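One chain, subunit A, appears in both complexes that follow, with subunit B as partner in the first and subunit C in the second.
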Partner chain A sequence: MNAVLSPFVQSMHAAAQAARLPGSGIGWLDQARAEALRAFLGRGLPDTRNELWKYTALRTLERRAFAPADPDAATRTLDIDALAPGTRGAARIVFVNGAFRADLSRLDGLPGGVTLAPLSRELAERPEPLRFLLGSRQRDDDAFAWLNLALASDGVILRVAPGVRADPPVHVIHAGADAGGEIAWHARSLIEVGEGARLDLVEHHVGGGAQGHFADLVCEVMLHPRAGLDWTVLQHAAGAMTLLRRSDAQLHDDARLTLHALELGGRLARHEIRATLAGDRARFHGRGAFVLRDRQHGDTELLVEHRGRDTVSDAMWRGVADGRARGVFHGSITVAQGADGADANLSNKNLLLSRSAEIDTRPVLEIHADEVKAAHGATVGQLDENVLFYLRSRGIPEAAARRMLVRAFCAEALAGIEPRLRERCDALLAAVLPGEVLP
Partner chain B sequence: MLKIDNLHVRVAGREILKGLSLAVQPGEMHAVMGPNGAGKSTLGHVLAGRPGYEVTQGTVEFDGRNLLEMAPEQRAAAGVFLAFQYPVEIPGVNNTYFLRTALNAQRKARGGDELDSMQFLKLVREKLKVMQLSPDLLNRAVNEGFSGGEKKRNEIFQMAVLEPRLAILDETDSGLDIDALRQVAEGVNALRAPDRAFVVITHYQRLLDYIVPDRVHVLADGRIVESGDAGLAQQLEAHGYAWVRERQPAEAGA
Partner chain C sequence: MATRPGEIEAALSRRYAAGFVTDIESDSLPPGLNEDAIRALSARKQEPAWMTEWRLAAYRHWLTMAPPRWAKLRLAPIDFQAISYYSAPKNRPQSLDEVDPRLLETYEKLGVPLHERARLAGVAVDAVFDSVSVANTAREELAKVGVIFCSMSEAIREHGELVRQYLGSVVPRGDNFFAALNSAVFSDGSFVFIPKGVRCPMELSTYFRINAGHTGQFERTLIIAEEGAYVSYLEGCTAPMRDENQLHAAVVELVALERAHIKYSTVQNWYPGDEHGRGGIYNFVTKRGDCRGNDSRISWTQVETGSAITWKYPSCILRGDRSVGEFHSVALTHHWQQADTGTKMIHVGRDTKSKIVSKGISAGHGQNSYRGLVKVEAGAENARNHTRCDSLLIGKHCGAHTFPYIEVKNPTAIVEHEATTSRISDDQMFYCRSRGIGEEDAVSMIVDGFCRQVFRELPMEFAVEAKKLLEVSLEGAIG
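Then we have the complex of A and B:
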């Protein structure tokens, strides 16, 4: 353990000692949380020597301390219908500053075989099935995942029974709101889609307020054989928040994951996406765009691992940075030994809108199998002046022309989203891009 | 309408136009012909306001206004249109959306009403009749995956929708087969109007068989070296540009 704990680590340590987390008193859980805390304290925050944090320095975060939770989270007034339009009346589960809000959620009305519940309730009612989610089985070195395990007080438990088709979509909404001070929360979620089942999931990260809260979210996704998940992530929590998310998906035989992510930054917004194609013929289709501005820092880590035979991954990410923003994209494809017949594709294109903006992109390809098709590419560039002139020569003012081109640039990554959600994406994009809005 | 006087233009440090003068009146069709490298495309681009074209001397007036001081979008709103020799592809931008945005931006800049999507569609249908363009091209991204001929016809279609006062066609005929050439020419002829002028920049005379110009100018080494009526184009076709060079430079301008 470090001789002197940083303010950040100290505040987390204090939170762990003071916390009365749901499920405390359950032997295996107390033990797992204590182990996780020790693991976190022993590691401290990752530094830039860590490959996954190479371009995201945490020195500033390390000097900050956060209050353990928002005592008024259960009563804060938030217009969720405005923050996540189209979710009113739909199945949705809402968390405000990390706390489950029954009054804003709608957990009933789901097809038979679909369960949607907050982790806190599940821990109170039937903790045993959560043993594998919260037990000490974590193998890797991720300090924030350990911290999350030690302190997660709530999250989403969403299960679809084998063979069930769960449409229309289920919405998961994480909202931030101004509180008495800067607070931290930790959410741990499980999405499990049974054999041959299908789920449409939309994850919203909204609000954020003006305060620099810290949120650490871990989501595990389990796709059983022939399961299909359409997963859309709309992250516009922005504001002054530090938002660290990790999504781990395990795909078994013939499972399919289609992910679309629109990430609109924050003071520090990081999304680590891990897709493990464990089963034969598992398929991952990923599309994403991030748009950063001002002094935002955004980091997307996409780690795809092919383990089964004849697996397919196809990922396309677009990045845009304006102002003094800093973007990071790390796309890594690993084809493990024995994962013969893998077909992997990864492309990442980035656009810098100002001289002070920066995007670092690192595509990494590691192949240990035979008969593998793999392609990857990454570029960083500016708007094409010829195209810009063409638009202006037709009467479109420069700012509007730039805006149009940036939207088009991102639209290519978002084209596959269901039309109504795509409209929402377009509106979110329009709200963050500079320049006049044309009809 | 358009008055170019002693225009000198540098591109990337090299002087391309060296004292070009040209006057165009409403309703007129002018052809500017000349060998490769004479500065024909530079003329089109400098009139449309392409960045990187440095005017070192001379003036350009459009309807009494100093055209050179205006941004490209202001020139478009004032009624200047350039049909590009190489129309750019814009992935992700729908052709119809692009054109409606352009038209409405121009109307707004002129202080007029913007068209809603129903009004715009009606206009597009009318103009499609003029320019034989497959309607499904309208639903694709701007010029993306268009054939060379489709791109050129799309330029003329845009011109038909935007209804400019001065249309500059930069080698719109290059790379077209005879059918596409005829279609482009029909599109242009349909748009001829007493208050609209055309400057048709071309290397070959063949387009001028279909679009009969009022005036023909020969551009060589950055200047207009000879001007005449439609007959000049035929002489050029018969004798080649060398024939012009051998003659004394004619009085510049028209």
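Then we have the complex of A and C:
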């Protein structure tokens, strides 16, 4: 432990002591939370000597203190339909500044076999099945995951019963709103798709207002044999926000996870995705793009582990950094001993658009089995001047041409998204790209 | 600067007349590392005061450091106090009859000439006579064009100013744990100075430097190529070296001034330990080249087949405009060997280029990691890098890993990295076998093809030896 606790750690410590979290009073939960808090305090924030945080320094965050919660989170008015268009009338669960909002959510009308509820309510009504999620069973060194366990006050519990096809998509919306000060929230979610079931999930991170909140989100995804999950993440949180997310997905035999992620918002936005292909023939298909500008710092950590036999992973990420932004990508593929027949592919291409921007990319392969096909590639470059010249020679102004090319660059990673969502992605992308909009 | 041929020659002959070799053999220091040991070591090497102070400063810095733990290596902690920092091998065999027959068998397979076998096996120097004349002929030829090629100890005594100017200018004393240790206690190594405009008339090799086989466990090499100079330097040799020191921590510094080109080739074949992972050399090497002048060029080529532990990242700092850095590597791990090796290319100047080709082969329980950094600084306009890492897995229990780091701060840079991991496919084997090629031959053929891109960069006779070396090292990997 640091000799003197930093303002950040102090504020979290104070929050834990003052908090009255849902489910407190339940013995195993209190114990797990206390243990998690001790683990967090003992570790402090990771520094850049930690390989997973090598390019994301938390010195600035360390000096900041956050209020434990927004007391008015339940009553803040926020136009969710405008922030997440297309979700009106659909099944959706909304959190404002970390708190569940029944008035904005729509939890009914789901197909039979699909249950969607906030963690706070589940803890009040039937905490026992969550023991697995919240019991202290973490073995790793992730300080924020411990912090999350100690302080998570809400989150999503979404379950799909075996054999059920849950169409149309379920939307999870995390919204930030002005709270008169900087606050912190911690959400812990569970997505469980039963044997042979299917789920379409869209996760939105939206921001109203300009407060520099801190959010620490952990999501566990359990895909039972032959389960399929299509998961789209649209992250356009408020520009001053610090958003740290970690998603852990476990894939059993023949399970399939398709992830599409578009990361646009936040001052510091990090997403750590861990996909464990535990079962035979499990498949992970990941596509993502981040577009960063101004002083944004974006960090994507994609850690895929092949454990079962004949597993497949295929990931492609595109990164764009403009202004004084810094884009970090770390893609790591591990093929464990005995994971024969693994086929792993990872590609990360980046565009550096400004003199003051920076891209750090790290595609890692760790292979412990021999019947394996694994490949990765990474590039950093800029827009092709010849293509730019071609467009300009056809009368397209330079700024518009650049914009067009950047959009096309990102489009490749978003190609597989279902058309309506795809339009939404395009619109979000268009809003952040520099230059004129073509008529 | 003592660069006039006459002076050099005089210096060179003095060393041999003094019978320096015998001097070393006669004494050694008790195990343990402290300031007194370093002073004693420096005194015995008759070093000037500045050198002693330099070593002590490095030692004091080393005390504040901890061994690096980031590499993907599993090794027991090293007791640095258990090592004698100045000793000559005592129990040298007096003739080849006393040498381990298995070692001789390997020499036979590699086709090492008879007189070389004795030297490699560490037979006492006075029993080896042939190479002396070879060395002297080479020295004369080099002296004619003003090239200085001598041992580091000699350079410190005879060319003190040059050494003082450049030593530690590429790898600073406190650069990393093992470099600091080396700076404090380095035993010997090579010093090469190629004056302005000179193209070194021959490939310099440790072969030609008498006594090079006993540079000790903390080797220090410094190569300086002045404006427009060219040198190709070969380190090590394909034959296994007998050595009783388990820890090796070497430092190699290259300085290329304007338009200079340094080509550094290594074949590393220290004792890898037996098939159960017992014994074997721990090899921690810091190699770095500084392309200090515009249009300079440094190429590293390495074939790493030996050592139980290899920790080595030959790097290039591309400071001069239009400078070029290259890294070609074949690393093979068999049985229980572990290698964590790669390179760093730091682009600082404008229009700088770098190329990385790394081939890793893992067999048995071997663990092979490529770890590389490509960094483009903000001022490095139009920097280019291409990296290619391929790994080949032979067997169920080995591992092949790739850890590339790419950091780009300039929007005009183009950096490309690609890597693949695969095994020798059944199809390839079947094709060869169906044409009557035996299993081992087929494997060595495929491995040779896999490594060809790197072997091409080696000087010719080295390349032939390297190919044979891989064959020998992979024996028993199949089946």
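Basically, the second predicted complex is superposed on the first by the 436 of 439 C-alpha atoms of A that agree within 3 Å, B and C clash if a C-alpha of one lies under 4 Å from a C-alpha of the other, contacts with A are read in each partner's own complex, and residues count from 1 in each chain.
Here, a residue touches a chain if its C-beta (ideal position, glycine included) is under 8 Å from a C-beta of that chain, and two chains touch if they have at least 3 such contacts.
These numbers were taken from a predicted model, which means no experiment stands behind them.
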item	value
Partner chain(s) touched by A:A400 [first = subunit B, second = subunit C, both, neither]	first
Partner chain in contact with A:E366 - subunit B first, subunit C second, else both or neither	second
Subunit B versus subunit C as contact partner of A:E412, first or second or both or neither	first
First (subunit B), second (subunit C), both or neither touched by A:R20	neither
Touched partner set for A:E358, first subunit B, second subunit C, both or neither	second
Touched partner set for A:V387, first subunit B, second subunit C, both or neither	first
More subunit A residues in contact [subunit B versus subunit C]	C
Touch list for subunit A against partner subunit B, complex	384-387, 389-398, 400-401, 404-405, 407-409, 411-412, 438-439
Residues of subunit B that touch subunit A when the two form their complex	48-51, 71-73, 75-77, 81-82, 84, 87-88, 90-93, 98-106, 109, 114, 141, 158, 162
Sites on subunit C touched by subunit A in the complex	70, 72, 376, 378, 391, 393-423
Parts of subunit A lying in touch with subunit C, wherever the complex brings them together	51, 55, 337, 350, 352-382
